[in-house]
Each structure stands twice: as structure tokens, then as C-alpha cells.
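Once you've had a glance at the structure underneath, I'll fire off some questions.
The first chain written gets the first letter, and so on, giving A, B and C; residue counts start at 1 in each chain.
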Amino acid sequence: MTESRTLAQIAELVGGTVRGDPSICVDNAAAIRSAASTSITWITNPKYATDVASSRAAAILAPADQGPTPMPAILCHALDAAVGMVINLFAPPSPSPPVGVHPSAVIATETDIAPDVAIGPFVVVDAGASIGARTIIHAGVHIGAAARIGNDCRLWNNVVVRERCTLGHRVTIHPNAVIGADGYGYFLAQGRHNKIAHGGIVTIGDDVEIGACTCIDRAKLGETIIGAGTKIDNLAQVGHNAHVGENCLLVAHAALAGSVTLEDYVVLAGHAGVAEHCVVGKGTVVSSFTAVAHDVAPGTVLSGSPARVHRKRLRAIAAGEKVPGLIRNVKRLDERVDRLESAADNT
Amino acid sequence: MTESRTLAQIAELVGGTVRGDPSICVDNAAAIRSAASTSITWITNPKYATDVASSRAAAILAPADQGPTPMPAILCHALDAAVGMVINLFAPPSPSPPVGVHPSAVIATETDIAPDVAIGPFVVVDAGASIGARTIIHAGVHIGAAARIGNDCRLWNNVVVRERCTLGHRVTIHPNAVIGADGYGYFLAQGRHNKIAHGGIVTIGDDVEIGACTCIDRAKLGETIIGAGTKIDNLAQVGHNAHVGENCLLVAHAALAGSVTLEDYVVLAGHAGVAEHCVVGKGTVVSSFTAVAHDVAPGTVLSGSPARVHRKRLRAIAAGEKVPGLIRNVKRLDERVDRLESAADNT
Amino acid sequence: MTESRTLAQIAELVGGTVRGDPSICVDNAAAIRSAASTSITWITNPKYATDVASSRAAAILAPADQGPTPMPAILCHALDAAVGMVINLFAPPSPSPPVGVHPSAVIATETDIAPDVAIGPFVVVDAGASIGARTIIHAGVHIGAAARIGNDCRLWNNVVVRERCTLGHRVTIHPNAVIGADGYGYFLAQGRHNKIAHGGIVTIGDDVEIGACTCIDRAKLGETIIGAGTKIDNLAQVGHNAHVGENCLLVAHAALAGSVTLEDYVVLAGHAGVAEHCVVGKGTVVSSFTAVAHDVAPGTVLSGSPARVHRKRLRAIAAGEKVPGLIRNVKRLDERVDRLESAADNT
């Protein structure tokens, strides 16, 4: 079982203030409807506000200005962060293969693998690859020739990292993701599409996380870059030679075509896409199902296909709603002008 | 070769009525254009209606009110179901590894595997996992610690089921799908995205089918749920803590964000998406490329991005078509009013 | 290091004309901003035209009508093709397992594998499969029973080719792609979705390339066909019984529903989709995020959801932009007609 903590200890961890008995112990974190008598819960989504009264939780994380609650509270100025920290505090650890190399793994002789790396069954590490300290390589991962994996990484099952690609430290890659497959590039000659070789690599910064079945293509020449701290969801696509900045977020099914540049802190919601060679400015938010086909200034919020400034698009949609009424108005005007014209003719 | 059947036998199977000689034998099912002289075919898509006359098929499945056909017919009240049953009758069986454990598989000692399970090469089953009777585990599948797989399941090649996830009976998962990877959840602190642990699981009901390269993320806390009888296509995404009802259909590239609820019999067409925390009512149909961002009442048909009631959207599109004409009308009105005003000034 | 070539040699390869000293040697191809003193570069995207002056490249590929350049140039009538050929000339070769079968591979006894095939670790080849001359099978690939792989193919890591599917010659498949999983087809009976067996196959023509994590479903009956020379990007979906013509391009996240026909040279941009049974005519271009729901004549350019002719859609969008002004105009007209009517009443 998980170790229990006092509210005083948790308040210190999250930088909050206990309202109520600080010596109360909790041993798990739970959403408000499923909280048990030893749980700590939270109130963040207003949808669930009415559930506070009926919750069995021993304590609750709440915003600094929270009114009375039926159970002791920890009041937090940064509530989302506090909830995240408390969930992490009580989460079970992810399982890992034991430190060392599983006997079934096929490791080339000329590799540089730190002694405390954990390598699971059926892993393949090709010649010239290196793996940093404390990194965990789950079953079925394939690491190509001369690829470099940093310290404290975790590559989940069946991940493929192709030759010469480079991962920083604390990189996590989820199952069946593919790093460094050839980009999609052809030239047309005599009516046929001819493959262009992709001799470049993928370079992934520190603290990057990449989702299951996500594909990051290698560069034609040079590098495809994923900046430090960027988090990519499942089933996303990053084309060859894309340069993704730091601390970006790419949600599931997002796609970057070749040679796109995302500056830092760009957010692509689900199913969003950016066309080739576009530059998307710092802090831009691309809404879901949005197709960006031009450069975008920093701090823009975009939506729609073709993409436009979200505020303007909402106005255009609202104007569009008025068209049926407008048609009726114009018809009436037409009749009124008809009558006026008849009257004028008769005078 | 497949065993042949009489039309009488097939009519009994599908609950239909033979029109013509019930002793005629067929030994395969084929689409109308490729049917051979021992085939049974069907007429469902009106596109192919004119092909009946030229078909070489020995017999045809047809709706109950079908007019004359050049070959004997089996008249069916539920034609789609009849066609499905006849295709299934003559389909070759899917190949499976032999019952038992392939010598290359890596099976932890503390597992609970039924004696008639078939486990292929390079399978990994971690400690505490259980696998029910008659289940088939193809090559390269990885089953995490304490995961539970029911009876009569089939996990195709390279499927990953992470720790503690649970599958019901008769669950089929296609190659390279990932069940139970971490959800996509972070909290922002000091300008960095910090990972929130996903200590929950995925729970999959009986008779669920999941497509190739589809990803079902584990819950942050508690469960991500796929209800019994739900069928999910390839490359779909189900976010952490989503609750998918029974008998839903999610077509390729459909995506559910975190904490979405789909009630029973919801259909998401290809590339459809639902934003986090939305509740989609029973029997709702979300058309392809539709972005749902609000709760949806049962039985709604939605389309577009942002999603709206499909019927209203069609009307809005039709109204939009009239804008160019409207612009011309208003210009003419303007000129007519100009003339009336001039005339009035002159009187 | 790569072997170096003279400009004369390169001009001959690409069918261009040297302007400057043809004996100058280059030993790598590089984009204009990263070119070194022994690089050959090119000027194709006008975005980078101003970079020519500052480039350190030894030579440049340029269009036939290019003005003066600071470095020697090779003038080309087909510049894109020339660039592709030069990149290919200097690209490092992709790594491959050595010719022969890795001892860990599990190869059924009744297979037909050419003697010069290279098979990596943890490959599975089931009974009755055949693999043609010089084909390269990377680690973790699974080839199903009676599947047929042609000559000079390359199947990257963890690719799954299911039973009886057929690949032509020179086919490349990127990691974690799935060829021949069951299609998505059910019939409803007693409120439940019942699986329809997919006993057909996938047939892939010569010179096809298929991206990472892409899924090509097997036919219900007969074949799903990918025509010769077609190139498919990552994370795309081809449904059961689709017939894709020759030399088509399907970009990332594109999707074909069941029984779609694409004629030759069709292009589907990213996130484009085609609904079931539609026929898309030769040379049609379906823009990104476009949902095709009807048959399409050859040579059409489509965009939007629902898809329409791109030119008409642009006009409709432009007309839509005028609605707010139109509303103001109609309001003014209304007031003017009010005044005219009052004046008429007063006379």
C-alpha cells in the first residue's frame, strides 16, 4: 500500500495552506465522485462543484478563495499544479525490466550502454548506439546504428529509433512510436514519383514526451528537431526537417508537414495541421481541425480550415447565421420598392 | 476447399426464403462482379443493381420484395445480416499459432495462463498477468504485469497491453494497437509542462474489437472504459478516463479527448473528435471531420467544425450559397432606391 | 567520407548545363543556409532566394533562366528532379541486417526465401510465405502464412504483413505499418454489431512506399489494391476493398473508407478522407482536411467538408466575408425605403 501523508506535509509540497486539522492523514488521490474516506480530492472543473457536499474525501485541494467545504481543505494559489503534484505523490510506479540486459536482447558489440540501464526482452541495439545512465528500454524496442539515447529516458515497448537519431535526457516515448523513419519526399520524372533519400536525423531535446504510435520523420538533410520540454500526444505526425520549439504541445492526430517551424509554446490541438514551410509564432494556439497554410504571428489563436484568427472566424460564423433572415429582408424590401415604383409611375 | 452448402441450408441460416431450386449447392460467397458459377452473391448497393443480369452467380441474396432475378434467390427481410452471415460461413479461418507457448516467448513465472491458450513467438507476459481459455496471442504481443485477458480473445501481432489493464471475453485487438499507455496530462509550473502520472487502467468489455495502431490511454486515476460490443477502427485515439458506452462505433482516426463520455450506440465517423469532458447522448451520430465541443443530446446527428445539428448545418450551407445572388439583389435595390430618391427630390 | 564529384559529372547526371568551372568538386548536398565550402546547394523555394548571396556553397543547382549567382551554377530545366538526384547521390546508405537469417528469427520450414535476403533479429515468417531476391527484412517484422514479398523490397522494423497478402518488387514499408489487418465491417442484429469475416487480401504493386504506422486493411472478399508507384505517408488508413490506382499520393492521416476507388495520379493531402464506394477520377487533388462524399470527375481540385470544387469554395468563402457589410447595406436600404414610404404617404 501507498505510504500515507498528513495534510501539513501535502500543503508544504504544493505550497498551499491547510484549513482544518493539519495532522489528518490521506493515502490516495481520487476524483471527487470516487474518493474514499482516506482520499484527498480537488475541485477544479465547475461541472463537479455540486459533488463537494456528498464527497467522502478526507480533504480537498481548492482555490485560495474557496468558500467553506464540508471537509478540511488545502487552499492553493496554483491549483492545477497542486493537483498534479498530489496525483504524482500517490501514483504507483511504472513497471520496468530489471537493471541489466535481458538474455534475449540482441546488442551489437560496439555499443556504449551505461551499467545501470534496464533492457527488456527482444530489444535490439545496433552498432555504435549509446544509452545513458538509468535509462529504461522496454521489451521489443529497436535502437538503430549510432543512435544516442540520453540519461533517465524511458522507451516503452516496440518503439523504433532509427540510425543516428539523438534523444536528450529524461525523454519518454510511448509504445509503437517511430522516431526517424524516412520523410515523405519524391520528385516527379517521366510520370513517376522518385524517392528522395532522407539521410538526415531526428534530434529530440531533454524532457520531451512522445505518444504511442506517433511518427517523427528524419530530415532529408540536417535535422528534424523537437525542442526541450515539448510534449506530443499519440498518433501525431512530424514531417521531415520540421523544427519544433521548446515546450510546445501537439495533441493527438496533429500533423506538421515538412520544414514547418513552430516557435516555443505553440499548441496544436487534436487533428490540427500545418502546411510545409510555414512558421508559427511563439505561443500561438491552433484549435482542433484547423489547417494552417500561412505563416502565423506570435500569440495568435487560430481556427477553421482554412485557418483564420479565431475571433474573426466566430464573427463570420455569427454573420452567416443571419443570412436566412437577410434573404427574407431583401425580399420584403424588393416588394416595398416595387410598390413605391408603381406608385411613382402612377403619379 | 470450403465445404459446399445447399440454398435450403443457407436460407435456414439467414432466416430467408428460397425462390428457385433449394438443392442447388454453392461453395463460396462473392461480390456480384466477381462471382463464379458456384458462388452465392447479393444485391445491396443500388450502384451495382444492373450487374445482376450479367452475374455468373449460382444464387443471390436479395431483399424480400425483390423482383425476378436470372438466378435462384434467397429472399431476406434482414439482407445486410444475411450477407454478413453468408460471408462468414465461407470465410477461411484466421491463422493462429498452435496451442501452447512458443519456446521463444518470455513468460513470467507467476502468471495464470489457461492450458489451451496459443502463444506465438517473441511474446512477453509479465508477472501477475492472466490469460483466459482459448485465447490466441500472436507473435510479438506484450502483456504487462497483472493485466487480465479474458476467454476467447485474439491479440494480433505486436499489440501492447500495459500493466493492470483488463480485457473481457471475445475481445479482438489488431496489430500494433496500444492499450494502456499513459494519458496526455501535464501541469504548467515555472513555464514548463510537468507530467502527471497515470496510475489508472483501461477496462475493455466483452466482444470489443480494436483496430490496428489504435491507442486507448490509461486513466489518470480510475479507469478508461470501453463498453461491451463497441467496435473501434484503425488509428483511433481514446483519451485517459474516457467512458465509452456499449455498442458504439468509432471509425478510423476518430478521437476522444480526456474524460469524454459516450453513451451507448454512439457513432463517430472517420476523423471525428470530441473535446474533453463532453457527454454525447445515446445513439448520436457524429459525422466525419466533426469537432464536438459541447454536450450532445441523445439521438442527435452532428456535422461540421464546430459541430452543429446536421440538418441545420445543411440549411446554413444552402443559405450561404445564396449570398452572391443576394449581393447582386441588394446592389440592384440600392440603384432602384437611388432612382426613387432622385425622383422624390425632383417632385 | 562520401566520394566527391565534379560539376561536370553532376550536370551529366541531372541533364543540366554548368555555368562556371566544370572541374570544381563537391562532396555533399546541403540546403542553402547550411551549405559548407564543399557543398552543392539549390534555389527552389523563393522564400530563401536572398540567401544565395551569403551561401558558402561551392555550387548551386538553379533553374535554366537563373540570373548571375556568386558561385558556379548548374542550370536545370527540371530543377526539382535535379535536386532530388543530387541529394540521392550523396545520401548515406540505409543500414541493413547482413544477408542471411539472424539466428533468433523464427522461420517456418515450408517457406521460399531467396538466398540473398537479409533477415534481422526476431523476425517471424510463417508457413508458405515467399521472399524475393535481395529483399531486406528488418528486426521484428512478421510475415504471415502464404504472404508473398517481391524482389528488392525493404520492410522496416516491426512491420506486420498478414497471411496471403502480396507485395510487388521494390516495395518499401516503414516501421510499425500494418498490411492486411481485418477491415472494419459489421452487421447489426438484435442490437449488436456482428463481425463480418475479412477473408480477402491486400495486393501491393511494384515501387509502392508505405509510411510508418499506416494501415492497409485486407478485403472482405477479393483484394484491397495499392497500384504500382503509389506513395503513402505515415498514419494513413486504407479501408477494405479500396482500389488505389497507380502513382497516387496519400499524405499523412489521409483515409479511404471501404470500397473507395482512386484512379491513377490522385493526390490526397493530409487529413483528407473519402467516403465508402466513392470513385475519385484520375489526377484529382483532394486538399487537406477535405471530406469527399460523392464521386469526383477526373482532374478536379477539391477542398472543404463537405468537399466542393476548390475554386467555387474560395468564391463562397469570399462571398461570406461580405455578409457583415451586406447586413449594414440592407439596414440602410430599409431606412431609406421607410423614408420614401413616409414621403409617399404624405403626398
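We take it that contacts are C-beta pairs under 8 Å (C-beta built on N, C-alpha and C of every residue); 3 or more make two chains touch, one makes a residue touch a chain.
All values derive from a computational prediction rather than experimental measurement.
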| item | value |
| --- | --- |
| Chain labels contacting subunit A and also subunit B | C |
| Relative orientation of copies subunit A and subunit C, as a Cα rotation angle in degrees, nearest 5 | 120 |
| Copies subunit B and subunit C touch via same or different residues, half shared test | different |
| Mean-CA-position distance for subunit C and subunit B (Å) | 25 |
| Interface hub residues of subunit B, defined as touching at least two other chains | 104, 122, 140, 158, 176, 213, 235, 253, 271, 289, 305, 320, 323, 326, 330, 333, 337, 340, 347 |
| Subunit C residues within the subunit A interface of the complex | 29-31, 34, 45, 47, 78, 80-81, 83-85, 87-88, 90-92, 94-95, 102, 104, 120-122, 138-140, 156-158, 172, 174-176, 207, 209, 211-213, 229, 231, 233-235, 247, 249, 251-253, 270-271, 288-289, 304-305, 317, 320-321, 323-324, 326-327, 330, 333-334, 337, 340-341, 344, 347 |
| Interfacial residue positions of subunit B with respect to subunit A in the complex | 104, 106, 122, 124, 126, 140, 142, 144-145, 158, 160, 162-163, 176, 178, 181-182, 184-189, 191-199, 213, 215, 217, 220-222, 235, 237, 239, 253, 255, 257, 271, 273, 275, 277, 289, 291, 305-306, 315-316, 319-320, 322-323, 326, 329-330, 333, 336-337, 340, 343, 347 |
